[in-house]
Structure formats: structure tokens, C-alpha cells
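What follows is a short report on a single structure.
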């Protein structure tokens, strides 16, 4: 089992996940703009999820390139990550359909949180293959984004029951943190967390 | 992050987009030819979209081959393009289902217009990696198709509210412009635009 | 545009076509074997279509390996073939759902016939790249299967209105002809057609 | 026809199978946690099937790496395996939807049993390409997992009509047997089967 094959399989699954989300856009019954306004929350949540899966696809690639030897453990942690990401289309659709009701919005965060935890587990298992003072382990150790994201997900889950906008703000915030090129945002986060 | 991996991911997404459109052909209730006549507008709009995604797949490949170094910006512009193309199945289905009603036909053009703008943004970002007098920049600068297509999309969106046939004529026209081998049509367009 | 990329894209589309057919198996309402008996015609038609797409995938690969230079024409003929094959899931589902009613069974043959014609057009365009006395052209010229299949499809379309079993016999027959290793069946066909 | 292309096609089909299963999670009508509790059996059965397809993907890869020469027979046995695995999403959904009713739970086992038999046929056909005293044939000959799995599937099918929990225990057991790293579990199985 070579790493590049695990990568190709993961890429295939991520490409399918990112694309089948659009299957949730059912053809509206009317023929004017009115039914489209009902679609707006669905399209917004789709756009956020599209960005999330795109971010995972990008980071996952970088991560796999640091793998030394592929073990059964890595393969199963990778499948665990894909499992949680495969639930993103469902939770995205429910959140959009419910117009950001409390429980679907919280569930969306739970799925993202589980995906983030799986990603961290995968990352740690890969780090163990490297010397503890290697450049890669030091780089990953300083991984502020990975540490802050779960916190923001938990805040999003909690605030989903108070105010959907606050909750969604956290989801978009995490996406933006990962989206924006690395150095500046990391510096900003370090300063703001001092 | 290597270019060929971004290409493989994009290819996967485009292959899924072009194929899941057929999922919109629900099995008709009757068992004779009659229900198929209701399907004709859906099949026509599917055929046009199939050609569009095929054209994007082909051009996208040529474009990516000119990439020097892959940046985060290119990756996100590429995802933006895939995002708009991923909305093609939905807008195709709505246009077909509505038998080319005004708003769905206009929306189809808006989605294609957004995809075309994303493509242009991606193209410009890639061009910046090349010297301004390089052959590739000069070739892209003379890109008549890329400049005329958005114009035709806007005409199609506007005429969707006047006459569906005129609107669809513009959609088919753009597909034909891109479909027909380059040189002759470009020459024709240059002459007609003098 | 390299041949192996057209092949990868085609493979992706064929893999999706062969798999999304199962999405037509809606979860039955009851919980005993009874609703499954209603599924039997659907499963049978799925099995035949699965074999057809598998055969096309295999032959398509061999065919593309004989391509000298990839032209726009070849690319579009390839997309035309994929277009018709992409309609196989729909026509399979309708044929199964209708329990092999006349029109859906005939439509199934029409889709297969159009795919076969597209395949022949693609094959001819590729043959033109080779000298007329080359081994590959001579081998393809003797292509009995390619010549007999359309005939059997037309017979299947015609007999769909007389007897579904006769029609399905022709569909299965074509699949078997392509399925069975080459030499013996070709010899048999030559003898039977003398 | 090269092995690595059959592998790429199989990977594509397996990636689609593992992902389209989530399409069975229809967006619930309510907006609280209540409708999610109805989803629990579906999510559990999805998790088991996800693990099964992941296991097949992994083993299938190892198996194909032992292929000497690709014959038509191998290709068709491979398609037969993919055919049965493609029915996993349907039987998973029915089992989950029915809350593990007897017949859907038994059908799930029948599909897995047919997939296991297809896999064994493929394995045997590949083994015939090797000398009977080669390391690979000896290793496969001692394949306890492959021999025990069908037995457990049959037990699961039979017990589906007595107690769903017992039946599901066998399904999970087979997944665990394949999931856990090889040596220890094989030793355990050898001891327990003495």
C-alpha cells in the first residue's frame, strides 16, 4: 500500500463529497426568482462547506506528503477522517434547509469538530514517524490553526442555540483563518491570544 | 502542492459534474413515448451543459499547463471556478424542467457568466507569472472568445425575459464558438467585430 | 491535451455512470422479501447495463491506445460517446421500472445504438491516423462485433413492441458476444453469417 | 489493458460507492434532535458499510499487486466483485431504514456473501498465475479470514430472523477481524478454531 494510492483514493472521495452537495438543490417548483430566495440559506451553507472541503483537500495533501511509512493505523485514521467529512453534505443540507435552526447548525459544528479531531489524530500518528526535533514536528507543534479551530467549533455549537448569526460567524471565521495565507494570520492569532 | 494534483482533483470534480446531471432525468411515470416528449427540453439543456462542461474541461487543462508555480491564490481561484461550474447541474435542471421559462433561463446565464469571470480571473493570475511579452501572454491577450462570451451571456440573460429561443440561441452560439476549431472562428469573429 | 488525460477523464465518467445506476434502487417501503420481487426487473436490467458499461470501458481503453495524435475532433467524438453512455442509467431505470414495457425497452436500444454509432465514428477517426494497410486498420476492418451489434440493437428495438423477452434476448446476446473472449465467437459469427 | 488501469477504475468505483451511501441520509423534516434519533440505525449501518468498503479497497489493492498478466477472465471477475459491492449502498440503506428488520438485515449479508465469493474467485484466478509452491500462494492458502468470513455471513443471514443484534454482531465481527492488524487476530482465530 503506497501513500500516493491512499492520496488518490482520498482525492476521489473528497471530489465526490464536494460535488454531491449540489444534489441537495432540488429544482424549485415555481419559475420566478421567488423560490430562489428560499434557496439562499442553502447556497450560503453550501459555499461555506465547499470552502471547508477545499481546505481539507489542500491540507490533507500537504500532510500526506510527510508520511514516511504507511501503516494500517494511518489508513484507518484516514478513513475515519473521510467518514466525518462524508457527513458534511448531509449536515450542510439540513442546516440550509432549516434556515440555520439551532440543532442543525449545532450538528454542523459537531461534524466539523469530529473531522478536525480525526485530522489531529492522523497528524499525530504521522508525527510519531519523525524525530521529535525534526523541522516538520516543530512546524506542526506550532500549529495554532489546528488548536484554535476546535475551540471555535465548540463556541459555534454552543451559540447555535442563542443566535444563528453568531454561530455562523464562527464557522466562517474558521474557514477564513485557514483560507488566508499562513503567516500573517498566524501572527495575528498569536498576538490576539497573548 | 503540485499542479498535476490540482488538475487531477479538478478533473474528478468536472467528471462528477458532467455525469450527475443525468440524475435529474427522473424515471417517467408512463410507459410510452408521451412522457419522453416532456423530457425533450431537459435533454436539450443537458446536451448544451454537457458540451459546456466538456469545453471547460478541455480549456482548463490547457490553462493549467501554463502554470509556473502553484500559489494559494491560484488554488482558491480554481476552487471558485469549480464552485460555479458545480451549480451548472442545478440551473440546467431548473431551465429544462421549466421548459425554458424566463427566470431559470436567465439564472443559467448568470451561473455561466460567473464561471466565465472566475476562469478569466484564474487566467489573469496565471498570466502574471509570465513575462508580459512572452508568447503565452500575447496568445491569451488576443483571446477573442474569452472577451465575447461574457457579452453573449449578458445578452442571453437579458433576452431570457423577451424570448427563450433568442436566449438559448446565445447559449448555443457560445458553445459553438468554443467547440469549433480555433483559427477559422477567431478570424470570423475578428472580421465581424471590425 | 494528452491521450492519457482524455483516458483518465473518460475512466472517471464511466466509473460514475456504472455506479450511479444503483441510486435508482429506491429503498422499498416494506421490510420483507415481497418488495424485492418488484425490484427483480430493475436488478436484471442493472446487471446488463453494468456489463455494457464494463465492456465499453475495456474496449475504449484498447481503442485509445491506438491514437497517434489527439485532435479536437477526437475529443468531441469521445465526448459524444460519453454523452450517450451517460443516458444508460436513465434508460436502464425506466426499462426496469416499467417491467420491460415496449417503449422503455426500445429506448434502451436506441441509447445503446447511438453509443455504438458514436464508438464507430470515434474508431474511424482514429483509423484515419493510420496507414490503410497497417495491422491495426486491418484488425479493425475485420471487426465483426462492431458491425453486428447495431443490427442486433435494431432488432431489439423492433421486437420490443412484439415481445419483451425477444428484445432482451438481443440485448443480452450483444453483451455476451463482447463478453466472451474474442476468437471463438468471431469464428462462430463468421460461420453463422455465411 | 494494464493492471494499474484496472486498479484506477476499481478505485474510482469504490470511492463513489463509499461516498454515495450518504445520499441516503435524507434531510429530516423537523429541526430538533428528535429526527436524528431515527437516523441512528442508518448512521450505524453506514459506519459498518463504510468500514467494509474501506477494507475491500485496501485488500483489493494488495491482491491486484500480485497479478502477473491481466486476462479477460480477471477483468470480468473484478467487475463481478464491483457489481456486488455496488449493491452495498442499497442494502445498507434498506437495513438502516427498516431499523434492522429481519429481511433487510439478511439481504445485507447476502450481498456481502456474494462480494466475498467474488473476491475469492478473483483471488483463485490470480493464484493460478503463480507456481503452487510460491510464497504468495502459500500465504493466500493460509488465508483464515477469507475462509471464516463467509461462514460468519451465513450465520448473520440465519440469525437475522431470530435476533437483529446477534446478526449485526456477526457483521461487526467480520469487519473487526479484517480491521485489526493481521498477525494477532489470525493467531487468535487459529487457536479458537482448534
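First chain written, first letter: the chains are A, B, C and D, and each begins at residue 1.
Please note the rule applied: a contact is a pair of C-beta atoms (placed from the backbone, for glycine too) under 8 Å apart; a residue touches a chain by one contact, two chains touch by 3 or more.
Predicted, not measured: the structure shown is a model, and the values here were computed from it.
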| item | value |
| --- | --- |
| Approximate Å spacing (C-alpha centroids) for the pair chain B, chain C | 28 |
| Rounded Å distance, chain A centre to chain C centre (Cα mean) | 40 |
| Sequence positions of chain A contacting 2 or more other chains | 8, 12, 16, 20, 23 |
| Graph class of chain-chain contacts, one of line, ring, star, complete, other | ring |
| Each pair of chains that touches, named by its two labels | A-B, A-D, B-C, C-D |
| Complex interface listing, chain A residues touching chain B | 8, 11-12, 14-16, 18-23, 25, 27-28, 31-33, 36, 47, 50-51, 54, 57-58, 61-62, 179, 181 |
| Residue ranges of chain A in contact with chain D within the complex | 1, 5, 8-9, 12-13, 16-17, 20, 23-24, 72, 75-76, 79, 82-83, 86-87, 89-90, 93-94, 97-98, 101-104, 107 |
